[in-house]
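Two complexes come next, and they have one chain in common, subunit A, joined by subunit B in the first and subunit C in the second.
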Partner chain A sequence: MVKSVTSFGRSGLSDWLLQRVSGVILLAYAICLGGTLVIGVNYAQWQAMFASTGMRVFTLLAILSLAAHAWIGMWAVGTDYLTERMLGTKGNLLRLAFQIGCSLAIFVYVIWGTQILWG
Partner chain B sequence: MLQVSIYRYNPETDAEPSMQDFQIDTSGKDLMVLDVLELIKAQDTTVGYRRSCREGVCGSDGLNMNGKNGLACITPLSETVKSNKLVIRPLPGLPVIRDLVVDMGMFYAQYEKVQPYLQNDTPAPSIERLQTPEDRAKLDGLYECILCACCSTACPSFWWNPDRFIGPSGLLQAYRFLADSRDNATDERLAQLDDPFSVFRCHGIQNCVNVCPKGLNPTKAIGHIRNMLLTRAT
Partner chain C sequence: MMVSKVKDNRPVNLDIGTMRLPITAWASITHRATGVILFVGMGILLWLLDTSLAGPDGFAFVQESLGGFVAKFVIWGLVTALIYHSLAGVKHLIMDFGVGETMEGGILGARIVIALSVVLSLLTVIWIW
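Entry: the complex of A and B
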């Protein structure tokens, strides 16, 4: 058992499951938005669509899914390439800085997205 | 004449690795790569490589031949040589001891982690623990692994985290004991695998399936382990 305190759910299985479930949610959201754009929509219809509670909840779900999906993916990238094995002792510092940068960016996007939706 | 380029490195005397070229007369025969190495050894006795059974059973001569891992003793030239050139390197990702000989310590350390032996705390029967033919059949495609390390050293996830990701070979063996009806340490085995590295660093690249000289499918075994973990935890 390898210990890790920076992974999303502290468990490989929960991260793996969440990555798949969030991926399906994002796919559904992309199809929904893509389909709407392909069918054709004007500004008034677009605004009315996002004014409905259902679409707002769905969009918020997609934003939160994107946040979890991004963190799990970027965490895997960081722990693959930004490591002591690959870069020497500075690898640990770089990885920590990378993880703080990613979490800050994801936090800002979640707050920003929520503000746009419900503000 | 076949042009062969061999990775040479002696950490005690060489500042860095280099490639040495040889011209080998194969007499038009479709030799195995190990035969070519033997011909090279006759020209230059300092070339180092491992070998033993020369029939794909012991797993000693895992090498990287023209960019693909495999066993030199059962890889014919016709299968690997392109444009009359053969480039032979050690298995990637493991420290080189000398020339084509790698230090398999990290690979064996991961194998050791999966406790590759039957665990059963019930009283032993007088003769042996029996299996039904159906239960025995579940081990097919798993027990045949010869630990040559061709799969694990072809896996990028193992290259980046050889100390934390068990690797395809170790995970194939982990499932071999999880699937064994005579083993009753399933919960303890699964508990040891449920972290973000041991199993879940597998991203399904399937290089392991592509190179396994025994035709085994570690990715499928890893999928079974995931399903067992999922069933146990949800």
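Entry: the complex of A and C
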């Protein structure tokens, strides 16, 4: 039995809503950045774009959205497949290791992203 | 008092390992798989962003690095994963509003997402190469 103690908002409804809000933010960011890359940029334009406060705030918002979105998504994957039912008792250990690994990666992404923007 | 919201030892009603998966299940599994791929790939994308913003030399290095076949293939793979994951996500949002929630609607939605992803992924091939 997998308990929901490691879910993001400790409630399915909260996770459901956050997953959608963060998803919409990430989609908006991806379209914005993707559009820029399709049009093409040189270094000066690229640098100026990420030097603006608006883009920095938008990027940080996207990184924080990614943190929540990835946590909820990886939780869903981990608690479905890395379980006692699927893998025996080692499933619990694997899931714990997987969730610690995901948390660390998310932590690194947030710190690294912030450092890129304001470092 | 803290009360667990989830009942202990709930029975598994649907053992998906014992049945042939419909297209909706494949669409769902692919949504998950592309999510995991994007989570891992985010490390590569952050590295590219970091290097490209480090200075003109870093920007030129990223441009040069992305010229090779393997790098292009990796970027194409990540963009394709992003396209599929985004379209499947939008499908979820539409279904949250009660549209296409029937079996027929679900199958049609899965087909549209897969078809659109293939088309956009092919357009990405043209863009990258």
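Here, the second predicted complex is superposed on the first by the 116 of 119 C-alpha atoms of A that agree within 3 Å, B and C clash if a C-alpha of one lies under 4 Å from a C-alpha of the other, contacts with A are read in each partner's own complex, and residues count from 1 in each chain.
One rule holds for everything that comes next: a contact is a pair of C-beta atoms (placed from the backbone, for glycine too) under 8 Å apart; a residue touches a chain by one contact, two chains touch by 3 or more.
Everything numeric in this text was worked out from a predicted model, so none of it was measured.
In the overlay built on the shared chain, the residue A:D15 is in contact with subunit B alone; subunit C does not reach it.
Once the two complexes are laid over each other on the shared chain, residue contacts for A:L27 go to subunit C alone; subunit B is not touched.
Judged by the touch definition given at the top, the superposed model places A:R85 against both subunit B and subunit C.
Legend: residue contacts after superposition of the two complexes on their common chain; A:G73 is shown touching subunit C, with no touch to subunit B.
In the overlay built on the shared chain, the residue A:I39 is in contact with neither subunit B nor subunit C. With both structures placed on the common chain, the touch criterion links A:I116 to subunit C but leaves subunit B unconnected. Counted by residues of subunit A touched, the larger count belongs to C, out of subunit B and subunit C. In the superposition on chain A, contact of A:F50 is made with subunit C only, not with subunit B.
In the superposition on the C-alpha atoms of chain A, the part of subunit A touched by subunit B in one complex and by subunit C in the other spans residues 1, 3-4, 11, 76, 85. Taken in their complex, subunit B has these residues touching subunit A: 157, 160-161, 163-164, 191-201, 226, 229-230, 233-234. Interface of subunit C with subunit A (complex): residues 4-6, 8-10, 12, 32, 35-36, 39, 42-43, 46, 49-50, 52-53, 56, 59-60, 79, 82, 86, 89-90, 92-93, 96, 127. Contacts from subunit A toward subunit B in the complex involve residues 1-4, 7, 10-13, 15-17, 76, 79-81, 83, 85-86.
Interface residues of subunit A facing subunit C in the complex, by the touch rule stated above, are 1, 3-4, 11, 20, 23-24, 27, 30, 34, 38, 43, 46-47, 50, 66, 70, 73-74, 76-77, 85, 102, 105, 109, 112-113, 116.
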